[in-house]
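A short write-up of the structure that comes next.
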Amino acid sequence: MKQITAVIKPFKLDDVKDALLEIDVSGMSVSEIKGHGRQKGHTELYRGAEYNVDFVPKTSLATVVKEDQVDAVIQAIIKAASTGKIGDGKIFVTNVERVVRIRTGEEDADALS
Amino acid sequence: MDVFFLTLGAAMVLAMHAGFAFLEVGTVRKKNQVNALIRVITDFGFSTIAYFFVGFAVAYDINFFAPVAELNVLAGGEHGYKMVHFFFLLTFAAAIPAIISGGITERVRFWPNVVATVVLVGLIYPFFEGMIWNGNYGFQAWLGASFGASFHDFAGSVVVHAMGGFLALGAVLTLGPRLERYSKTGAVNAILPSNIPFLALGSWVLCVGWFGFNVMSAGTAEAASGLVAMNSLLAMVGGLIAALIAGKNDPGFVHNGALAGLVAVCAGSDIMHPVGALFVGVVAGAVFVWGFTFMQNKLKIDDVLGVVPLHCVCGAWGGIAAGIFGTTALGGAGGVTFMAQLVGTLTGVGIAVVGGFVVYRAIKAMLGIRLSEEDEHMGADLAIHQISAYPEEDMQTH
Amino acid sequence: MDVFFLTLGAAMVLAMHAGFAFLEVGTVRKKNQVNALIRVITDFGFSTIAYFFVGFAVAYDINFFAPVAELNVLAGGEHGYKMVHFFFLLTFAAAIPAIISGGITERVRFWPNVVATVVLVGLIYPFFEGMIWNGNYGFQAWLGASFGASFHDFAGSVVVHAMGGFLALGAVLTLGPRLERYSKTGAVNAILPSNIPFLALGSWVLCVGWFGFNVMSAGTAEAASGLVAMNSLLAMVGGLIAALIAGKNDPGFVHNGALAGLVAVCAGSDIMHPVGALFVGVVAGAVFVWGFTFMQNKLKIDDVLGVVPLHCVCGAWGGIAAGIFGTTALGGAGGVTFMAQLVGTLTGVGIAVVGGFVVYRAIKAMLGIRLSEEDEHMGADLAIHQISAYPEEDMQTH
Amino acid sequence: MDVFFLTLGAAMVLAMHAGFAFLEVGTVRKKNQVNALIRVITDFGFSTIAYFFVGFAVAYDINFFAPVAELNVLAGGEHGYKMVHFFFLLTFAAAIPAIISGGITERVRFWPNVVATVVLVGLIYPFFEGMIWNGNYGFQAWLGASFGASFHDFAGSVVVHAMGGFLALGAVLTLGPRLERYSKTGAVNAILPSNIPFLALGSWVLCVGWFGFNVMSAGTAEAASGLVAMNSLLAMVGGLIAALIAGKNDPGFVHNGALAGLVAVCAGSDIMHPVGALFVGVVAGAVFVWGFTFMQNKLKIDDVLGVVPLHCVCGAWGGIAAGIFGTTALGGAGGVTFMAQLVGTLTGVGIAVVGGFVVYRAIKAMLGIRLSEEDEHMGADLAIHQISAYPEEDMQTH
Amino acid sequence: MKQITAVIKPFKLDDVKDALLEIDVSGMSVSEIKGHGRQKGHTELYRGAEYNVDFVPKTSLATVVKEDQVDAVIQAIIKAASTGKIGDGKIFVTNVERVVRIRTGEEDADALS
Amino acid sequence: MKQITAVIKPFKLDDVKDALLEIDVSGMSVSEIKGHGRQKGHTELYRGAEYNVDFVPKTSLATVVKEDQVDAVIQAIIKAASTGKIGDGKIFVTNVERVVRIRTGEEDADALS
C-alpha cells in the first residue's frame, strides 16, 4: 500500500474530498499545517512595528490506498486542487508496509475502508 | 439631577455600541473581527463629529459654538442639560451606522463607509428625527390634524431602528452578497459565525443598555416611568422566548430575539399595557426568525447579522403596534391612533429606503464601496488593518 | 426619581445575569458553552413570565392585570414605581435558576430545566421571599415576638443566595456527577475549565452589578446608604484576598472569592461596621475555598461551578453573621438578634433543601432530567442546539 | 440622593478595573493572561485595604473606625455620604496600580508587586492627592497666591493619570525589557498581542466607565455638569480618530487612542469649550501614537501596553491644556492660569518619577521584582498560578 | 526502525500512552487531525441553514521503534484504543531509514529514547 | 527523494527555517504537535485538584529533498535546533517514492521548489 499525502490550499479541501469519494477513496486524515515555499507569506503591522508571517496556512491530506489506485488518486487531487497559482501545493507518495484496523484487527487491504 | 439622569442614559447607550461591536465580532469570520471592532468605534467617532457640527442643528436647530459662559453650564444655569441631551441623542444617532454595519460587514471598504456614516448621521437621520421628535416641517401637526394624533415613537422603533434597518437594506443590496455566499446554482453556502460567546456578550450588553435607551428617553428623572421599564422587559422576554421556539434553540436566534422584542417595544413602551408589550415582543421574535430565514435563503439577500429583519421589520412592527396596543381599548394609555402610527411609520420607511439607496449608490459610483475580491478573500483584517485578531497565533514561535 | 433609582438597580442586576452566563461559559468545557449561554438567557425569560403571572402575586399579592390607566403610571400617579420594583425584584428571583444553572450544567436536559425554573420562580422562591420581605404568614412577627427582632436580610444572603444554593444542592444530587468525573476506583478526574478570561469576565460583571443588588435594595434614592456600598466593597475585597491565599493564587478561587464575600455581606450590609464586613468577607472567601475542595474531592459532589459552597454556605454564613456583626456590641447599627438570624436562616435552608429535592426528583420522575450518555459525551451544544460555540472552526474550509 | 449618585460613579469606575484587566489580557501573550487577570483584581483588593486603613486618612484625614452609630449613616445623618465618597475615590486610587500593571506585565513577580501596590496606594498617591484635592500642605494656596489660580485638575489628568504613568516609568525601567524583546544587535523583536477582541473589550469598558470617572467627579448630583459629559465625549472621539489616522488603522492604537483623549480631558473637562476638548483629544491621540512608537523602537523601553505614553504624556498634556483651553480667551469658563497648571503638573510629575524609582528600586533590592528567566519563559500563568488560560486545551483528552 | 502511526479516538490517547509506556515505548509525537471514513460526521444548524461537518476529530500518534518492537506496539495500541465501534481508527507502519537525536547527534537505535 | 522530519522546540522554528533557506532548501511544511519523551510535562492545579499535562508542545517540520542533500539538511537542523537540553528533539529520515507539483504536474526533482 501507498500513502499519498497532498499539501493543498485549505479552501480546496472540500473539492478534493469530493473528488476522492468519487473514485471510491473514502478514508483520509486531514491536518492543518503551515507551509513555506514559493508562495509568499504576509507582513503584519502592530503599533508601528512590522512582523513577517513567513508561513502560509495549508491543509495536509493523507490517504492510504492500494498500489493500483495511486495514479487515479494523484490525478483526482491535481484536478480538484489546482488553481494554477503559486502555492497550489505538492503530492508525496510513500510506502506503507502494514495497515491494521483497530476495531477488528483486520490487516492491509481489508483494513482500508 | 436631570444631567445625572441623562448622563447615565447616554453612558448606557454608549455601552450598547460595544454591544453592536461584539454582536458583529462573534458573527463574522475570524479574518474580519478586527475590522468589525474598528469599524464600530470609528463610526461612533465620525458620527459624533457629524452630529456635533451638523446633525444636531438639522434636527433641533441647536449648536454649541458660543463660549462656555453662554452655554448655560455655570452656576445658576441648567448645568449644561442641553449638552448631555446632545450626548444622549448622539448615542441614538450613532446607532444608525452601527445597525448598518452588521449588514455590510466582511466586504465593505473602510473610508467609503466613513463617508456614508457622516452623511447619514449628519443629514438624513436628523432630518427625520427632527420631523418626528422636534415637530419640524409641520409633519407631526399635519398628522395630528388628519388622524387625531401625532406619530408616537417614544424611544425610536421607527426613528432609530426602522430608519437604520431600511438604510441598511439599500447598503446591503448595493454591496451584494459576500463571495461564495450563494453558488452559481443558487445553493446557499455555509459562512459560519466565528464565536458564539462574543455574539452572546454583544447581545447582553445591548439588552442591558437598552434600558437606558428606553427609560432615559423620558428626558428627566421626574418623568421616568416604571411602565417603560416593565414593557421593555416583557417585550425582550417575549422576543427571546419566541425566537427560541421558532428558531429551534439556535443561539443566534435566541440572542437576537431578545433584541427583536426590544426594537419593537421602543415606540409604545410608555403607553402599552405590559401584556400587550409581551405580545408585541413575541411577534417580533418570531417574525425576526422567519424574516431572517426568508431573506437569506429565499430572497438571497446576504445581510450578515440580519439587521434588516431585526431593525426594519421589528421596528416598523413596533411603530404600528403602538397604534394598536397603545389604545385604551387594549388596556393601553391611549393618545395614539392606528392611522397616525401607520402613516408615520411608512414615512420613515420611505425616507430610509430612498436615502439608503441614494447614498450607497452614490458612494459606490464615486468612491467604490466594496473590497477587491482578493482583499475580501484575505479578510478585511489583513487587508485594511495589517493585523489579524489573534496575532500571537499567527507567528509560529512562542 | 425612585423609578430612576430602581431602574438602574434593575439594569445592574440584569447585567449580573450576563455575569452568571460568562462565569459558566468559562468554567464548562467548550462543547457546552453554547448551552450555558442559552440556558441562562432562557431561564431569565421564563423566570420573568413565571414571576409576572404568578410569583409576584404569591410574594406581595400584587399583579398588573388592570388597564394602564389604573396602574399609577400616569401623571399624578407614582410613575409606575411598583412596576420597576417588580423589575428589580424579578432580577433577584431570576437569580435562583441562574445560581442553580452553574451546578447542573454540562448534563441537564433543556426543557425539564425550564419547568424547574418556572416552578421555583413562580412558587417556591416567592413563598419564602414573601415570608421574609413582605411579612407573609406572620413568620417575621413571630420571630420578633420570640427573639426580640425579626429576621434581617437586607439584600438577600438568605432569601436569594442560600435559597438558590440549597435548591441547587437538590438539583446537583438528583442529577449526579458528570460522566467520568469520578472513576470507579474513586479517583477524581480532570474536567478542566475551557476559558479563564470568560470566567473572570463573568465574575467582574457580577461584582459590579452587585452594587446595584445591594445598594438599590434600599428601594428609594433617599434611603440609599453609603454604608451598604462600603460594606459590600470591603466584603468583596476580603473574600477575594482570602480566596487568593487559601486557594494558592488559583484564578477560579480568586474570582469566585470576591463573589463569596458579596454573597455573605448582603444580609447585614446596612448594619454592620465596615471592619466587620471585611471580616465577614474574609471568612466567606476562605470557607468557599475549603468547602469547594471538600465537596468535590471528599464528598464527591459534582457541583460544576461550586454554587453550593458559594451560595449556600456563604449565604447562610451571611445571614448568621448579620446577627453577630450587626449588633452594637461589635460596632454595628443594632436592631438584630443572633437567634432571629439563626432561626430565619435555618428556615430558609430547610425550605430550600426540601423544595430542591422535591422539585428535581419530581421532574426526574416525570420528564427525565439528564441528557443521554451519548448526548452528554457529544456535548450539550451539538445535542441540543445543533451548533458548537466556534462553528467556523468546525468547518475545515476557510 | 448624592449617595446614589456617587455609588453609580463608583460602580462605573469599579467596572473600569475590569477594563484594565481585559486591555491587558488582550495585549499580553496567552501564557500570561491568567496572571494579568489575577494581578488586576488582587491589586484592587490590596488597594482597598491600603486606602481604607491608611491612604484616605493621609489624603483627607478621615477614617471609619468609629462605631456605625457615629458614622452618619443612620436616619437624620447624611446616609454615609462620606463612605461612598471613600468608595468613589478608592476606585481612583486603585487605578494607580492598574495603570502600572500594563507596563510591567509578563515579567513581574506577584507578591513584590502587591507590596508596591500597598505603598503607592497607601502613601504616595494620597500624599499628592491630598495636596491637590484637599489643600494639604498649603500647596494650592501657594499656587493661588503665586500664579493667580490654584491648580485645577477636575477629574485627575495629573492626580491620577500622570501620577500613575510616571510611577510606571520607574517600574518599567527598574524591571527592564522582557526576554528577547530587543536582540543584542538592537533589533526590536515581535511580541504580539494574543487577543484583539479582549483588548477592544477592555477599551470599551474603560470608555463607558470613564463617564462615571469624569461626570461623577462633581461629587453631588446637583453639581453634575453636561459640559463635563460633552467634553469627555469629544476628547474621546478626537483621540480615537487621531490615533486611527496617525496609527494607520491599527486596532491597538485606535482603542487606546480613545483612552488617550479621555486621559487628557479629565483635568479641564469642567471648564473647556467642547471644541477645545475635541482639539485636546486629537493632540492626545496623535501624541500617544508617536510617543508609543518612539519609546518602543527608539528608546527601547519595553512598556508593554504603552502606559507611559498613554497616562503620563497625555495626562501631563491634559493638566497643561486645562490652563490653555480653560481660559475665557479660548471660550472656556476661566478661573485657571497657564502657570499654575504647569507648576502643578510638573510637581505631580516630579513626585511620581522620584516615587516610582525609589519604591521599585527598593523592592527590587529587598525582595526581587522580576520573574526568573525560566519562569518568564514558561509564562507567569504556569509559574505563579499553576494553570493556563485555556486549561481544557492543555489536556489532550476531550 | 519503523514508524507506527495510529489514528485513534481522541479520548483514548491517555490509555494508549499508558499502554505504550508499559512496554517501554516512551517517545511519541501526537497531533490533532480530522478524519473521514466510515464514521459519520454531524450536521450543524445555524439560523435555519444546515451545514455538514464531514470530518470527525481524531488524534494521530506516531512512535518510531526498533523492528522487533513493532508487533508488541501494535497489540498494545489495539488493546488500548479499541471500543468496538466504528471509527476506532487505523494503524500504519512505515519504514524509517535514519533517526538522529538533535541534542547529542546520536543515531538510530541510540537516538530513540 | 527523502523526507526529513524534525521534531523541534517551537521557539527554534525560525532559526531552523533560516538555516534551511541558507542551504537552499526553501520548501517545508510545519505543524504543531505534542511530544512525549524524556522531557517532562508539567502539573496544573485547578481549584485544589492536580492535573498532569504529560505532553509538551513541539513543532514538527518536514521537508522533502534530493538524496544528496540529506546530510547537509541534518547538519543544518542539528546546528540550528540544538540547545543542549533534554527535549531538543529528533530527526527522522524516510523514503519518498514520488513527488508531484499540483500546479504544473511536474514530478520528482522538478517538483521540489
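Chains here go by letter, A, B, C, D, E and F, matching the order in which they are written, and residues are numbered from 1 within each.
By definition in this document, a residue touches a chain if its C-beta (ideal position, glycine included) is under 8 Å from a C-beta of that chain, and two chains touch if they have at least 3 such contacts.
For clarity, every value in this text was computed on a predicted model and none was experimentally measured.
Path length between subunit D and subunit F in the touching-chain graph (shortest route): 1.
Between the contact lists of subunit B and subunit F, the overlap consists of A, C, D, E.
Taking the options D-F, B-E or C-F in turn, the interface that duplicates A-B in more than half of its contact pairs by residue number is D-F. Looking at which of B-E and A-F shares more C-beta pairs in contact, the answer is the pair A-F. Remark: subunit E and subunit F have CA centroids separated by 18 Å (rounded to whole angstrom). Once the centre of each chain is set as its mean CA position, subunit A and subunit D turn out to be 52 Å apart. Here the CA centre of subunit C is 33 Å from the CA centre of subunit D. With touch defined as above, residues shared between interfaces to two or more other chains in subunit A number as follows: 30-31, 34, 44-46, 51, 55, 94-95. Residue positions of subunit C touching 2 or more other chains: 1, 8, 190, 192-193, 195, 201, 248, 250, 386-388, 391, 394-396, 398.
The touching residues of subunit A, when paired with subunit B in their complex, are 34, 42-46, 51, 53, 55. Remark: subunit B residues 1, 3-4, 6-8, 10-11, 14-15, 17-18, 21-22, 25, 33-34, 37-38, 41-42, 44-46, 48-49, 52, 64-65, 67-69, 71, 73-74, 79-87, 90, 110, 195, 198, 201, 384-395, 398 touch subunit D in the complex. Touching subunit C in their complex are the following residues of subunit F: 44-49, 51. By the touch criterion given at the top, residues 188, 190, 192-193, 247-248, 250, 252-253, 289, 292-293, 296-297, 306 of subunit B touch subunit E in their complex.
Contacts from subunit C toward subunit D in the complex involve residues 1, 5, 8, 12, 29-31, 190, 192-197, 200-201, 204-205, 207-208, 211-212, 215, 221-230, 233-234, 237, 240-241, 244, 248-251, 254-255, 258, 271-275, 328, 331-334.
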